Amino acid sequence: MSPTPRIRLGMVGGGEGAFIGQVHRLAAALDGDFDLVCGAFSRDPDNNARTGAICGLAEERLYHDWQALLAGECALPIDRRMQLLVITTPNHLHVPIAEAALAAGFHVFSEKPAALSLAEAERLANTWRQHTGLFGLAHTYLGYPMVWQARAMIAAGTLGRLRKIHVEYPQGWLGDALEHQDNKQAGWRTDPALAGISGCMADIGTHAFGLAEFVSGQHISELCAALGSHVEGRRLDDDGDVLLRTVEGASGTLIASQISTGEENALKIRLYGEQGALEWHQMEPNSLIHRSRGEPLRVLRAGIDQPSLVPEARERLRLPGGHPEGYLEALGNLYRDFARAIRRGERGDVPGVPGMTSGLRGMAFIEAVTHSQAEGSRWVPLPAIDSTGATI
Amino acid sequence: MSPTPRIRLGMVGGGEGAFIGQVHRLAAALDGDFDLVCGAFSRDPDNNARTGAICGLAEERLYHDWQALLAGECALPIDRRMQLLVITTPNHLHVPIAEAALAAGFHVFSEKPAALSLAEAERLANTWRQHTGLFGLAHTYLGYPMVWQARAMIAAGTLGRLRKIHVEYPQGWLGDALEHQDNKQAGWRTDPALAGISGCMADIGTHAFGLAEFVSGQHISELCAALGSHVEGRRLDDDGDVLLRTVEGASGTLIASQISTGEENALKIRLYGEQGALEWHQMEPNSLIHRSRGEPLRVLRAGIDQPSLVPEARERLRLPGGHPEGYLEALGNLYRDFARAIRRGERGDVPGVPGMTSGLRGMAFIEAVTHSQAEGSRWVPLPAIDSTGATI
Amino acid sequence: MSPTPRIRLGMVGGGEGAFIGQVHRLAAALDGDFDLVCGAFSRDPDNNARTGAICGLAEERLYHDWQALLAGECALPIDRRMQLLVITTPNHLHVPIAEAALAAGFHVFSEKPAALSLAEAERLANTWRQHTGLFGLAHTYLGYPMVWQARAMIAAGTLGRLRKIHVEYPQGWLGDALEHQDNKQAGWRTDPALAGISGCMADIGTHAFGLAEFVSGQHISELCAALGSHVEGRRLDDDGDVLLRTVEGASGTLIASQISTGEENALKIRLYGEQGALEWHQMEPNSLIHRSRGEPLRVLRAGIDQPSLVPEARERLRLPGGHPEGYLEALGNLYRDFARAIRRGERGDVPGVPGMTSGLRGMAFIEAVTHSQAEGSRWVPLPAIDSTGATI
Amino acid sequence: MSPTPRIRLGMVGGGEGAFIGQVHRLAAALDGDFDLVCGAFSRDPDNNARTGAICGLAEERLYHDWQALLAGECALPIDRRMQLLVITTPNHLHVPIAEAALAAGFHVFSEKPAALSLAEAERLANTWRQHTGLFGLAHTYLGYPMVWQARAMIAAGTLGRLRKIHVEYPQGWLGDALEHQDNKQAGWRTDPALAGISGCMADIGTHAFGLAEFVSGQHISELCAALGSHVEGRRLDDDGDVLLRTVEGASGTLIASQISTGEENALKIRLYGEQGALEWHQMEPNSLIHRSRGEPLRVLRAGIDQPSLVPEARERLRLPGGHPEGYLEALGNLYRDFARAIRRGERGDVPGVPGMTSGLRGMAFIEAVTHSQAEGSRWVPLPAIDSTGATI
């Protein structure tokens, strides 16, 4: 038996101080499937150098920008060259880098949202369809085992026909004008040139949207959004409440906020069907609350030894019950699935990893909520698109 | 010191089997302020007789209908006659009985909603203004001590300017077509002739609405409602999601549902201000969660010995911390405040007890949500009314 | 159908300011089974008068001490005379009053502990056996519906053979030397002349002990206790940790403390059997956690409409699920059961109400823990006594 | 800036199917400080080969037993040779391997307990003192950030003088006779030849003990233990309740159980001081409950962005508040601290990592509880030892 070689990873963005870069490196390291071999972490040369050293990169694989990285890696022999490029830049660079990387023959794992606009995402989808590289989107929350458990239970009809979906994602960190206090994270997220047409909805509303569609197995067809911007001078939404309906006949609400004072990262979803209901909280991710008509509430718990879990959940766990797994393990699950797809030489969507459909639908969601808001918070349709271009 | 005489209580509705009648009798008994002296509990003579006996009524004070009750009591000498009439009938009788009782010189404590329509509620308000009887509405949840604590903290500016209000009231008991299974509670609540133009929103949406306005100290000025009816053949809404805005500049959501499978009575409110946030759950009513910018979350706890509570909260408690108080005690608080107002000979609104303003605003809310729904879930204004007729 | 007359209640102790007197009055009032007709509330004439007025007592039924009360009531005609005497004095008066009241033909409902010593409790038991009056002990926690649910599930074998019992009762209010700060509650509880040979163990350890025996259906046969007194100058225990074993073969721990800083009244019990486990918290009394081997945890919830509850639990509830009931309702349940027994003319133990067996066993527990402590915290047996004098 | 080279890791034990081996590999990988370069994972050659392949080991670095591993690695040049050996075998091999590895100049990170007996642990300590290799013990729970927060708050006097320590560790997985059902984990843990003189107390009681001493900063000086063995034919304890006292004057309880049906891994500690109290649950590790006299309860939350955390806690976190970290991250913290000490060329105890003192005290604890049990559950002293041999 010969050892499985590690997949060679490159990274753009994620220099020291950018939370998300370190998160990706930790998650990719977890299962030993990847070696970080190259990077262009920051336009600040000092930061770039420091991050490269921290990551143990050889000097010649540390690049000053993403164009140099792609060029440099392409010049290397195929068995040394980076295989998967992780994009953790602000939003406006997602598509340019992803397109160039796909065109150069690399696989791409990008932070969300996929693009600045639906049109740009569709262009990316076209590029992707013309090349063999895989494309994944870092919707970390879709890597949580109990999210898969919920999805599987609903798909199996455990709740009966779904009636209601309530998803919410309150954070409080943008309650103040951090963008004027030299906070980089706040800076680009509230700048239309870097973040796109939406702030909160693009940043975390898409997570809530993606979670709702993923767990329910349904597709949101119309929505009515009331977005707000609560801080003097802020140019993008920092909060929003949305009514929604699905193609399949459910209705509900989506709340996303970055000005919910004191909230940390309280993504939560509840789904009610004719026969039962499920409730999941990202901040206590190892529990899944299951209500059934006329039965005591049950709490399903994560753990490789838990007989009540479906295989999709169990194979995304590493530890027995009572040993909490968290956010890094969830993102690690996406990396693990990505590694498996690369090794198997898969094409198209990466099983287990949110991909181009997520990207397109997320952009459609962002456009729909901002469109609804611009029209006085009236109902607007959400186009029925997916990665194939077919109607859903 | 001579003993304080008890206030003589009468009741219409609430015969054996009707949950709410027994609830009122228990709550009224709690502090020893009232004696139930007469009643017309049920149109079913057997039920009426049984309930009378259970309540220890003298036979001559048990009446076969509310008209007989009012006539009979008026015929008694003033010092034996009923003083306060409790109305726990289905909705369509609230106003007829209340008007007659007020006109006959009695005080009235009515179940909510106040009326079948805003117009009917305004007629009632007129009647009330022309007589001396007090009028209260059984919004039990406004009797909870920690609700008063929340209101006081917000009024004192503890949260800073309020930005968001999220209130929800999920129940699951009407997920099935109970109205076709001989369930009386479900029967009248889903019958437009008895319940009015709304089911869920009239029954529990008004509670959520009243709680939101009471705790926030703000007034909802516009809303956009998506109501649903999820059971074959049901004629009224059993669920609804509402976007809202207040006169004072906050926005948020109101969710009320009777088809949220497995939920009991999960009324919950969250309010976010610039400096802090509060969260309260009716099912764990003795805790109030307080978040502050940059501070660890705090849990304020009920208890007459808790130094962090305001007087408005403390005087609505009977026990030291750790001795749970609940729903009956909350309703008991409304009765206690009503008794005090009667003894003091108050006029107008009863301090501490939701009254005509609550009644009018609740009806305006019901009309607004049904109106919004009828117009394709568009935004509609909520009239700025209160018990004085003045603009709020 | 003629109305059921109320039972005439008298009270000794419980003057204004003594928490427990008001608690008894509220609980007795709840279901309308009792009228408070007489009292000797305080040796302070002003307090006594004020309390009498608050309670609406006729002046001639307000007595200056318990001897006068018994004499006065005996002089009244049988149909006006008090029927049940509630004793809410400090511990040292429990037996003298109870004996005199039983001898005079009254029923007695006494605060716990039953006596100052096991010998005194046995004397009381003898007196009780020689008269027809009923005797109950205010172990309020045994009135909680979910405690009955737990007991019934264990009796039915749901957990299999019981292996472990862990009960704890942490409070924090005596962490300071309140007895030197003019706190009456603290004063008598820490005074051996008034409280007996134990402080914390007599005051709340007995509750934990009684709960453990009641829910498990087992009898503690030996224990090893480490008691402590943590405040300068305090003469009785304010805290203790106990190892225990039962006749039936289970083992476990009992913790009671009044110096657990910040704890309110956190009585909690867990029981583990071969097949399952139960967990109940007094501060969230409407939930009962049920674990089973290989199954997700279930949360049984209080509510007259909850199909998973046994009749013993359901008949101790007044409200549907989601309407929290609390401490007063639990004590009200004991009063309701007492009223039923009086009306039926029962003899011996009052079904549903802790009685002489609880009293004797509680005193045996107090003596055992203090004896164990005195002997260097070694194991000591607990005598196998009950109200019949028979071996358990 | 040149990249930091990774530390070369070897592993004995932890073949496929042994939970703990994979746990160590994941935790060591997390921060990119280590490369697993060699191993002797299983005496079963197939398992050994499979595990080696999974781990990506070169064939020549996969050894058939630990003796071969030490010999093979010593034969390699110093810059290729393993630096740190991780021992994840059953207990009886801990000391033989650790001694040989230390003697051969390697650093050692061993699973707990350190040894089979206190005498064996003392022998190991002697060996360790004579060599330069570092020694760490995998008390994973001491890697949790909020455990460090608790320890720092207590050390800073936030709680005032400590009065009570209650620690418990209930698991349920050994409620059945798994050792007769071909469960390897259960097999060796219940076999005195492989596990030593204790089952439950050695396996998880030591975790509870270590946590209590670490967080409190105190030393347990005496204890009284009641151990049990609840499954037919089981030869070691599977459960135990312990009373304890510390040198510094606190008292309390320690409960450890593997037959608490339905419990997962519910390690929990509560500490009560004169001014405040702390409570931490391993299964919700990102919260720390802080009670203060007369103040509302506060919940301190994990997160690199949480201003209320001490540096010792913050530097053990990787993510902002609301992104849950868990068990692997806790063990990863021990690895990170170990890596730092190796790189700095430290001697003696590894800052941040439980070491020889933990090993000795854990063994003293095991001997004390089994001794107490053997003597009829009487009080026995715990020797005042630490890694220096000095009296504590």
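Lettered A, B, C and D in written order, each chain numbered from 1.
Keep this in mind: a contact is a pair of C-beta atoms (placed from the backbone, for glycine too) under 8 Å apart; a residue touches a chain by one contact, two chains touch by 3 or more.
Please read all numbers here as calculations on a predicted model, not as lab measurements.
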Fill in: Most distant chain from chain B, judged by the mean position of its C-alpha atoms
D
Practice prompt. Write down the chain pair with more C-beta contact pairs when B-D is set against A-B.
Written response: A-B
Fill in: Length of the line joining the C-alpha centres of chain A and chain B, rounded to whole Å
43
Worksheet item: Rounded to the nearest whole Å, what is the centre-to-centre distance of chain B and chain C, using the mean of the C-alpha atoms as each centre?
Response: 35
Discussion item. I'd like the Å distance between the centres of chain B and chain D, where a centre is the mean of that chain's Cα atoms.
Written reply: 56
Fill in: Multi-partner residues of chain A (at least 2 other chains)
263, 295, 297, 301
Worksheet item: Given the complex with chain A, which residues does chain C contribute to the contact?
Response: 290, 294-301, 307-308
Response to the item:
Listed in rising order, the residues of chain D that touch chain C in the complex are 159, 163-164, 166, 168, 170, 172, 175-176, 224, 226, 228, 230, 239, 241, 243, 245, 251-253, 255, 257, 259-263, 270, 272-277, 291-293, 295, 297, 376-379
Fill in: List of chain B residues in touch with chain C within their complex
1-6, 19, 22-23, 25-26, 29-32, 36, 49-50, 52-59, 171, 173, 263-266, 282-286, 301, 303, 305, 318-329
